[in-house]
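Next up, some structures in structure tokens.
Below are two complexes that have subunit A in common, paired first with subunit B and then with subunit C.
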Partner chain A sequence: MIIAEQKPFERIVEMTAKARNILVAGCGTCVTVCLAGGAKEVAVVASKLRLAAQNAGRKITVTEATIERQCENEFVEKLAPALKGVDTVVSLACGIGVQFLAEAFQNLPILPGVNTRFLGAPSKQGTWQEKCMACGDCRLDKTAGVCPMARCSKNLLNGPCGGSANGKCEVNPQKIECAWQLIIDRMEKLGRLDELEAITPPNDWSTAHDGGVRETASEQAVPAKTEAMKSV
Partner chain B sequence: MTIESNLERVLQAGKFAVTGELGPPRGADVEVIKKKAQLLKGHVDAVNVTDNQTAIVRMSSVAACALLSQLGLDPVLQMVCRDRNRIALQSDLFGAYALGIRNVLCLTGDHQKFGDHPTAKNVFDLDSIQLIQTVKRLRDEKKMLGGSDVQGEFKMLIGAAENPFGDPFKFRVTRLAKKVAAGVQFLQTQCIFNLPKFKEWMKMVCDRGLHEKVAIFGGVTPIKSAGMAKYMKNSVAGMDVPDEIIKRVAGVPKGKASEEGVKIAVETIQQLKETPGVRGIHMMAIEWEEMVPKILQQAGLSPRP
Partner chain C sequence: MNIEVLFFLNSLQVAERELEEKYREGRKSGVLFFPYNQLPAVRVADKEITVSHKDIFTEGSPGSWTCDFLVVDEKAAPGWEVDWPTRMFNAPSDREGFFSSSNPTALPAESGRKGVFVVGNSRANSSTEESLAEASAAAAGVSVLLAKPEIEAETHATVDPQKCALCLTCVRVCPHSAIDYGEYPEHKRSAARIFDAACIGCGICVGECPARAIELTTPAPEEKPAKTLVLCCKRSAQQARETLAAHKWTVPKDVCFVEVPCAGRVDTGLILKAFETGHERVLVLGCHEDACKSIYGNTAAQRRVDYLKKNLPAIGIAADRLEMRRLAASQVERLAAVQPA
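Right, the complex of A and B next:
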């Protein structure tokens, strides 16, 4: 899922300095699970905003609304009634949700209340770790299910750099595991260590962001009618 | 193939090779290079020029190599994959060749987190093994990575580095084997302080017959003080400095530590000369170039052939 964390509160205050009627909008999917932007966090941010305004002697209205997903039209439509009288929206969804709202509600400022960090999963209670960088050509079959792109700090494809020590990555030996140590350990367990002797050629980055902004289409999404007509 | 590199000449003559290292200035001061070059000239067969080592911005290694070449030394161009993509790497290789540089050392590079610009974006488009392949392809097939033809001459002796003390230990030899398969011709190791571990690694290298396909140079760094030894042990990624070494340097009277450091370096070189498969040494006297001639003389390696 997408992992986000709340922005420093001062930044949110700064962004909303001119707002009179704020809606704090949460998202019920990824950011709820990673405790950054679900209904609970919405309530906290909203009450902190009210308090901050009160302390500054400003009169503002802060309302709250959390929808299932901020990145899909059928859910975003449901936000419309909550927007009456609102002059500013602070979205606690990931950057995708923020942009989606901005597209849907052209005349309203939609401000980001969280920092979208990465694609990841929990590593332990309350801690999340990056697992994938959406390179566009998944190679997990070749690396025993451990991603060298996102989980090696140098996205190396031919084995560990000289800084791998005691299973940790040189970039942050206290926290980050060396992806290549993990790959080698797992390949060994699977009896496939010899496969790592082959040289992986230079990567094709055109499937990643380096190829420009990406778009993808699903054939399944093609209307059934068209499919039926094809077979006629 | 003759590459017109002095290092290649020494290796072809079957001589025990000695390479040195020079860190360019953190600016455009040519005098720094001239001074260090004078200290090393005649004592080493070739001189590595570091490429923004530990991600600290310094004069470009291509430019500093070209200056060394003018001064009559044989430069080894260190190239890291951190700062340039395949377009810039190939372009700089051609530029380097045009300026008379005949040796290249292909490296992945330290992460920018360690340097003086930790907020920089890194590249890592290729890794060191892919860079070795790239140089070989430019040279032997006259083809660029993208498939275009290379115009005119391009010849370089291909080097790389390896850390026998990095983890996972066993895979270090596999990684060397991959570098050999990619086309590496000489290989310099990380500074050796833990000789038993180095010898263990070297034995694995020889068991696979890799020492016959690549000339391996053991890395030697003279220790200036106990503080330096401790710093290397604790703060430099991938360094293995055993406690005995630190104790030895710390155990001598004040003012004698550097002398002890030199002694350790000379002893290390003697041991390396006798280690099967080792074909040279790589002296990394970090900001202590003036000590290189003395160490090499004591080790019986200076003057050079």
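Right, the complex of A and C next:
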């Protein structure tokens, strides 16, 4: 899941300084689940914006809407009626949702209300941890289900480094576990420790972001109706 | 033989039978008791044991005592008995890992989950007599439940399965283990499900749900905003209010009291809405620590209040316009002290 966190409210005020009629748009999927941008946070941000304007002596209108997902055009279209009279949208979706809205509503400023942090999962209620960096070439089969790309601070493929002590990473021993310690421990449990003697060659980053903006297509996907007709 | 005995302790608990007598006997025979706020420092060198202790009354420099023997109190840790109810009912345990050993709002043997009783060493570190007494209390509790042919649900929360994002927040935070998730056949989708009979309607889940998918009767502040809005937990502040009302209390002008099912129902959205409506000040009145019927509803409210207090200045609202206070139903003077400014 995509993990996001709300921007400091001062930043949202700064971004919306000129706005008169704001829509705070929530997303019902990842950011709802990670407590950053669902219907509840939409109401909270909207309340804060109204109060901030009122206390600054500015007259503004703030409305609220949350859709299923801001990363699908069909859902995004459903926002159109809520945009009547609106001059600024604060989206509490991840960076993908913000861009989808910007593309769909060309004449409106779409402002990000959250910072998109990483791909992760809750480590406990209210705390999330990075688990994947979308490198595009999954090697979890070789590393006992622990990702050295996302979870080793140095993305080492032949670890651990000298900064690993008592199972913790030197970058932040309080919070970060040494991914390589986890890999070794788990490989040992699986009886595969000897496999780690093989040296993994330098990584090919072309499947990651270094290869440029990525696109992926499913060959077996049936095109949507309109596109299907074009290709007939 | 002349033996000197010194006792260092945080608080002397004499709630159990004969303890008070034993304490008095000890005093009479020359045992010295020293309460502390800070654990005394112990140093062992060359078979000599030194205990340094800071007196809480004089706040003076630490006194030092050399002794032949140092006896340390045993610490009771929960055993396997605690493990299975924790897994089975997702039941919360207290700070020591036991089931609500010191919560005065719980009846003896009562757990957070209605109809589940805990006795003996899983509830607290207890003696055989205590366990037996708890077992009778549990039996009495069961017979109350079985006295009626059906268990009547209290006012309880409901989930809108269309809005639920299945984030599982409510499942994880419900102190009464009254929520799980599963299929709603009529909607053909999965969502959080509330066991009506186990829910006591505290509303902690309502305050926490990110999708606003859970409903419970929402506390409604009066149309005309008063200067100060006081949100009263129905188990403490609201009862104090009723006591005062029975004694012909003159409600302070410009103060509006609203009952909430538990302080844990009060979330940031509700507080901000109150400011938006025009209330100048919001006061949340909850139960004392370790005395919340919903175990941590009061601390949940405190977290949200603390979080919001940090954020209010950015909105142009002074942080002191929001406050949380603790009281018991009997502490009417604390409620009477609430003033509009």
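Convention: the second predicted complex is superposed on the first by the 221 of 232 C-alpha atoms of A that agree within 3 Å, B and C clash if a C-alpha of one lies under 4 Å from a C-alpha of the other, contacts with A are read in each partner's own complex, and residues count from 1 in each chain.
We take it that a contact is a pair of C-beta atoms (placed from the backbone, for glycine too) under 8 Å apart; a residue touches a chain by one contact, two chains touch by 3 or more.
Computed from a predicted structure; not experimentally measured.
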Under the superposition described at the top, does placing subunit B and subunit C together on subunit A give a clash or a fit? fit
On the A-aligned overlay, A:A208 touches which partner chain: subunit B = first, subunit C = second, or both, or neither? neither
Classify the contacts of A:I184 with the two partner chains as first (subunit B alone), second (subunit C alone), both, or neither. first
After superposition on the shared chain, which partner residues are touched by A:N158: those of subunit B (first), subunit C (second), both, or neither? first
Cα-centre angle that subunit B and subunit C span when viewed from subunit A, reported as a multiple of 10 degrees: 100
Applying the touch criterion given at the start, work out whether A:L119 contacts subunit B, subunit C, both or neither, answering first, second, both or neither. neither
With the two structures laid over each other on chain A, which partner does A:K48 touch: subunit B (first), subunit C (second), both, or neither? second
Using the superposition on chain A described above, determine whether A:V33 touches subunit B (first), subunit C (second), both, or neither. second
Shortest distance over all C-alpha pairs of subunit B and subunit C after overlay on A, integer Å, is 17
In subunit A, both subunit B and subunit C touch residues none
Mind listing the subunit B positions that touch subunit A in their complex? 81-82, 86, 108-111, 113, 122, 124-130, 133-134, 145, 161-163, 166-168, 171, 174-175, 177-178, 181-182, 190, 237-238
What residues on subunit A touch subunit C, complex-wise? 8-10, 13, 28-29, 32-35, 38-41, 43-44, 47-48, 50-52, 54-56, 66, 125
Over in the complex, which subunit C residues touch subunit A? Could you list them? 163, 165-167, 169, 172-173, 209-212, 267-269, 272-273, 275-276, 311, 314-317
Inside the complex, what are the residues of subunit A that reach subunit B? 153-167, 170-171, 178, 180-181, 184-185, 196-197, 199-203, 205
